[in-house]
Structures are given as C-alpha cells and as structure tokens.
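Next come the structures, one after another.
What follows is a pair of complexes built around chain A, which joins chain B in one and chain C in the other.
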Partner chain A sequence: MMHPSEIEFMAENEIIQIVPTFNHAGHVHLICGSYGPFRAGLPLNVPIWVALNLRQKKTCRILAPDWMAVDKLQERLEEEKASKFFTQLPSNFYLEITQMLLTVASEDIPQGNDIKTAVKDLWDLRIAKLRSSVDLFIKEGRVQASLNHLTPMEINSVRPVFPDTLDALMTLHEHINSSDDREDSSQSSIATPSSASFSPSL
Partner chain B sequence: MYRNIKPHYFSIDAIMAAQEKIQCSFIKNVEHVDFLDMTNAEKDEESDPKIELPLWMIKVFIAGKSIQFDIPKAYNEIYRGVLTADANVVDLFKLCKHFYLFGKFLSQLEHREAYEVRRTLIQTFIDRFKQTMDWAQNIDDNLPCFNRLDCLERSIFNDARVAQQHLNTYLTEGSGQMEIAAMISNYRKRKMHESRVLE
Partner chain C sequence: MDIDIRDLIDEEDEDNQEEMTAQKVLQNVERAWLNEKFSPEILPHQTDYVECLLEQIKSMEGNLAKLTKTDPKVDLHKLELERIKFVITSYLRTRLKKIESFCVSVLEEEATRSEEDAYLSPAELKFAKEFALNADNHFDTILRHMPHLYNNLDRNKKIIEPNLNSFVFLKCNKHIDSVIIKNTLEGQEEEIVLEDGSQHLMPYSSVAEFVKRGIVQLI
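And then the complex of A and B:
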C-alpha cells in the first residue's frame, strides 16, 4: 500500500501554468524536462513542485488548471452521477492537485472554497461508487472487472482490503475445488478463479 | 502490509485454530492414550464416553478410523441456519475465535456435514465483507463492532483502518514533511559501516 503523501509526490510532477514575476533567460534543466525561459508576466509550463516552490518564495502566480473551476467541476459531478461507470476525469490527481494548490496558493485561485467542496463531492461520489462495486464484486464472486478511469488515490483506498479479502476467499474456495467431487455441477453458481464465469463490469 | 492469509506451518493463527476442541467419541479401543481423558484415568479409551480433544489430535485418530466426532456448536445445523439468514448480526468472535480457519480445518476432516460447513463459511465471509469494510472506513469509535469480528476479519479490518487513517490525516492536515525511505537510510548505514571497515 502506498501512503497518500507518496501519491501526492507523484502528482507533483504534473504540469501546470505559472506567471513568473522575475526574469531568467536560460532554461532550467530537470530530470523531468527542461523549463524556461522565465519572463515576468508571461505564462509558462512547469511541474507543480516547481510552481509551489516559486509560489512560496512569492516569485510567481499560479494559474489554476482549466478544469479547476466550479462550473466545470459541477458538470463533471453531474456526468459522474448520470453514469453507471467511472467517468474519465481531466486529471488523474484531481484531489491531490486541488489540495496542494489551495494550501499554498489559495489567493491565486478564484472561488477556492467552492472548488474544494465540489472536488470533495466528486471524490465522495466516486468512492461510494467504488465501494459498492467492490461489494458487488465480492458478493457475486466475479473473477474479473475492468476499472477504467480510476485515479491512483482511489485505487489506493481499496488496496489494503481487497487483495487480502480475495486471498481469504480463495483459500476457502480452494478446498471445495480440490477435494469435492460430490457436487461438480453446482460449481458454476459460484465463480472461483478456476471456473471462469465472469462478466466484465464496474 | 499484505498479510499471508494462507495458513502455513508456523502460522500462529493456524496453530491456535487447530487447538480448538471438538467433542468426540472413540469407536474402537485405542491403547496407551488413557492419559488424554483425565476424568476416568483407569481404563483405556472405550467406545461410549464422549471426550473433548483438540482438532490436531482428532486428525491423527481419524487416520486410523478409530474416532467419530460431532460438528462443534458454531457449525451445527442451527447456527448454519442463523448464519445463512443474516450473517451480519452474529458475534463471530464469541462463537469461535478462528471461525474461518477452524471451519476450514474442520471441513477437511471426513464428516457427512463437511460440505455444508464449507458452503456456509464462504457465504458468511461474503455476506459479512461489506459490513467489515464499512466499519473499518467509517465509524470512529468502533470497538464494539471490532469485538464481533473473527480473527481473519480482524486483520483485514486493521489494514483497512490504518489506510483510512492515513487518508484522513492527509485530507485534513496535508502530507507534511516526507520521511526518508527505509532503503535509503539503510544504504547510508551500510556505507558508513563499509567505510569504517576499510579504515
């Protein structure tokens, strides 16, 4: 299992736009790429960790990403509500990015509080969906599911429970398969890893 | 983080589960084991009196076809009915500390109800899973709930709980200072040791 802060660390590599207030003619060469030149007043792309660092030194202004606006997030929320499956989100790290930007640069982002609530709503909705589908998965004894558009943080929230649960279930099932020949025909009603009855879902 | 759920030779849970007692009676005369029954230490084991033996010992006698046992209370027909009706209301820990593991061992022994026991185990686990997960992720003070879980469920519960707490702390307080990974700090220690050896 990963710690949430490790996922945040991954999120810090996402690209974001800033408007610097200083001039620096050359490029800055980083492992994740070269960024620059920095010209006061002209927006440019940098990784989030650079942006946060500069912002904390008050040498730039962070431009909120396109999706980080109340009406856009509300749209996503409606879409998510309407769909049975998980919908594609504009960023794989929406929760972490919102959290980071609003902590460091809340003055740069208009309607910060509303955005925070909207993102939390979105997160809650998706987590509820995830939990009910995990439950369904276990209940119906499926062996396969496709989980499109889930973000790392969301996957991480079921990670500590899910593999162990499946493991426990499998050890319980194992014995039925290996030593039970009394009721071979009824096996298809419960899908075990060896009997491949499944339906792609979630 | 990932526990090995499968029982192995040194697994404490498996040892404890095999220690649970089962009521049984001998159907043949068995010599030299009269020390097992403290109540009538006079004679060798005979057919009629029922005694309680731990599961691992019953296994040995079963191999010699000299014993027959009753399915323990937690797995008998009445409780199977209760568990099928609503597994969520049962206090598993009170019923049997290692409900799943002991049940699994039990169903491996030859008995006419073994198959039903297995089915009940799986169904119970599936039915209770959602409740376990919900408790782990939602309620703050959940000792009363925790007390009703079997040992296997407890380990899953604890893992889920820890993860949820990490997430909650992250959401309320942010990530804070990152710590050095254990690998890096070990590497430093090793390097220091190496340089000392070289001197």
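And then the complex of A and C:
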C-alpha cells in the first residue's frame, strides 16, 4: 500500500529547471547526482525537491516544465478524449508536479488556475476511463491486463480495492474448484501483511 | 605474460563492480523499497546496498559538520540525507512487518536456503527467531490454562502464509518472451509476452522470479 504522499515523494526526484538568484561557483555533489554551477539568472536542472527548497527560501525562480501550459494540456485532453486507450503523458507525475509547483511557486507559473483546471480535467477523464476498464476487466473474468501509460498516482487510486477484489474472487473460485478436499480442516490461513491477524482457530 | 594479462583483466572486472556510484546504490535501494512494499512475500535482502548508503550518510554527516552553517549547500545536503533515511527506514520497516506477519513460514523457508541466497539479513533472522520464540512462549502461557485437549498449537494452526497469487501492478524493464499466468476462473493457463517498458496487472506468482532478478519492477 502506498500513501499518496509517498508518490509525491517519488515525484520530487523528477528534474525541472530553475533560475537561481544567487551565485555558487562549485557543483553541489549530492548523493543522487551533482548539480550546478548556480549563477544568478542562468537556468539549470535540479530535482524538484531542491527546487522547492530553494524557492521556499526565495533564492530561485521555478520554470514551469514545457507541458505545463494551458494550450499543451488542452491538446493532451483532446488526444485523451479521442483515444480508446490511455495516452502517453509527458510526465509520469503530472498531477503531483502541478500540485507541488502551484502550491509553492504559484507566482512563477503564468495562468496557474487555468493549468490547475486543465490538469484536473485530464485526471478526471483518465480516472473515469480507468474505472470503466476495471469494471469490464472483472466482468470478463480475466487474469491479466495491460496498463501502459498509467501513472503511479492513477494506479494507486484503484489500490487496494481493485487487486483485493480480484484476490477475493480468485480465492472463492479456488475453493469452488477444490470443493472435493474441503474436508481438509487443517488448511493454513492466507493473508496479506495489512490484513494478517494471528488467529488460532481453536 | 598470459597470466599477467588475465590478472589485469580480473582486476579491472573487480574495479568495475566496485565502481558503482552512490547514485546507482540509491536507485537500487529505492527500487528495492518499492518492490518490497508491493510484493506479498518477503524478498531477498539488499543489506549490501543499505549498508553502503548508511556509510555514505555517515561520511556526509561528518563532512557537513566541518562546513559553516551559512553555506547554501548545507541545507540541501541535510535535506537529501533525511530523504534517504526515510527510504531506508520505510524499507526496513516494511520487511519487519512481513517478518512479524509471516514469522513461521518465513523461518521455515529460510531454513531451506543456504547462507549465500538467504532472504533475511543476519539481523533480521535473529529478530524473526526471537519473535517466533516470544509468540510461542506467549501462547504456551495462555494455553496452559485451557482444557487439556487444547494445550498445544500445531504448526498448521499458527502458520500464516502470504498469498502469492495476489494481484500486483508491475513494469517490465526488459523484454520477457513468456510469462505463464494461471487462470483460476477457467482452470487453464495463459502465456503472454511482456514488452520492454510495458505495464501490467497480474498475479504475483507469475512474475515472482523476475521481480527477484530485478527484471520486473512492482509499481
């Protein structure tokens, strides 16, 4: 089980561009890579968590990623509407990145509110698509599905309900199939870590 | 001469293995963290990588102590260390939770493995054994007061096994020619090809081997 904040944590490792307002000649040698040099007015690439930290100290300006523009997002939305499948998005963490950047650096991003609406529309559309495919999947009784281009946050939105439902369905079917050896009373219990409980059936 | 060259090559190979950057180690631990979070069973331990990172953190903390507080990079380094510590603790905690839940079955499986391909690290193994012992002691104390018939718990009554057929989301890092999926609904087997970079939903048991070899990433 993944908490949405943990997905946001992963999204913070994505790279974006910032324009620092200070000078720091050397590279900063982080464990996740070296970034720099920081020169006032010159854009450079850093992980989002670095960008947010510097922005909160007001020592940089964040440049919105290319895709984070109203017209680009509208194009994506049209594409998503036209396609039967999930389309590939420019970022695997579009929702989280938009949310984070607009919270911390709303002044740096033009048309912030419109972007927010467009991203929300895209999300709603994709989630609706996802829900209907989940429904179809269960009704058809399949055991494998391709989920290309779904982002971690979207996948997480159907977890744990969807996989757990399937698990329960499979367990029921297994019991029907093996009804012959139902006599076997000493069957060991099966559980997932989250629902496991130690219950000796006395 | 021949031998010399071979020695050189060997040495180079060793160097290559050791040349793994801190960045790679961090990525490995992050991947292990996600896999561990989503897999129903406990996976082979990655203690080498974790220890390596912990050492990095230690030396970094030593270096930071020497820097002046006004240096702009101090904050960034500190923040990064906190982020890495979060991943490591979350990873280890997830494993402990699984050990606690599936204590008996984890220990039984571990007993069949040799030291090289053990799934638990030595510290985790010690914890698991103590946990099992304490649980046993606890039940013994309670059951002593029960009617004679119920004085003992047999293995089947106290074992909890992970459901290896539970469904997982995964991303494939390499082309895999054939994955067999058992369809319990129709009582037959399906075979599919996993393309490089594709994402799927299927029972964990079908891809367990690939997850352990790092070819498949759980998401």
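The working rule: the second predicted complex is superposed on the first by the 177 of 202 C-alpha atoms of A that agree within 3 Å, B and C clash if a C-alpha of one lies under 4 Å from a C-alpha of the other, contacts with A are read in each partner's own complex, and residues count from 1 in each chain.
Keep in mind that, in the parts below, a contact is a pair of C-beta atoms (placed from the backbone, for glycine too) under 8 Å apart; a residue touches a chain by one contact, two chains touch by 3 or more.
Quantities reported herein were computed from a predicted structural model and do not represent experimental measurements.
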Touching A:P152 in the superposition: chain B (first), chain C (second), both, neither? second
Partner contacting more residues of chain A (chain B vs chain C): C
If you stack the two complexes on chain A, which partner ends up touching A:L73: first (chain B), second (chain C), both, or neither? neither
Regarding the shared-chain residue A:P4, is it in contact with chain B (first), chain C (second), both, or neither? first
Between chain B and chain C, whom does A:I138 touch in the aligned arrangement: first, second, both, or neither? first
Touch check for A:D167: first (chain B), second (chain C), both, or neither? both
State whether A:I97 touches chain B only (first), chain C only (second), both chains, or neither. neither
So, A:L122: does it touch chain B (first), chain C (second), both, or neither? neither
Which holds for A:F22: it touches chain B only (first), chain C only (second), both, or neither? second
Contacts of A:A64 with chain B and chain C, given as first, second, both or neither: neither
Find the residues of chain A that appear in the contact set with chain B and again in the contact set with chain C. 1, 9, 141, 159, 163, 167, 169, 171, 173, 190
Residue ranges of chain C touching chain A (in the complex, touch as defined): 22-23, 26, 30, 37-38, 40, 53, 56, 60, 72-73, 75-77, 79-80, 83-84, 86, 90, 97-98, 101-102, 135, 139, 146, 150, 153-154, 156-163, 165-169, 181-187, 190, 192, 198-203, 219
Residue numbers of chain A touching chain C in their complex, please. 1-2, 6, 9-10, 12, 22, 24, 28, 30-33, 38, 49-50, 53, 57, 59, 141-150, 152, 155, 159, 162-163, 166-167, 169-171, 173-174, 177, 186-193, 196, 198, 200-202
Applying the document's contact rule, which stretches of chain A touch chain B when the two form their complex? 1, 3-5, 8-9, 99, 103, 131, 134-135, 138-139, 141, 156-157, 159-161, 163-165, 167-169, 171-173, 175-176, 179-180, 182-183, 190
Report the residues of chain B in contact with chain A in the complex, numbered from low to high. 1-3, 5-7, 100, 104, 107-108, 115, 118-119, 121-122, 125-126, 129-130, 133-134, 136-137, 152, 155-156, 159-160, 162-164, 166-167, 169-171, 174-176, 178
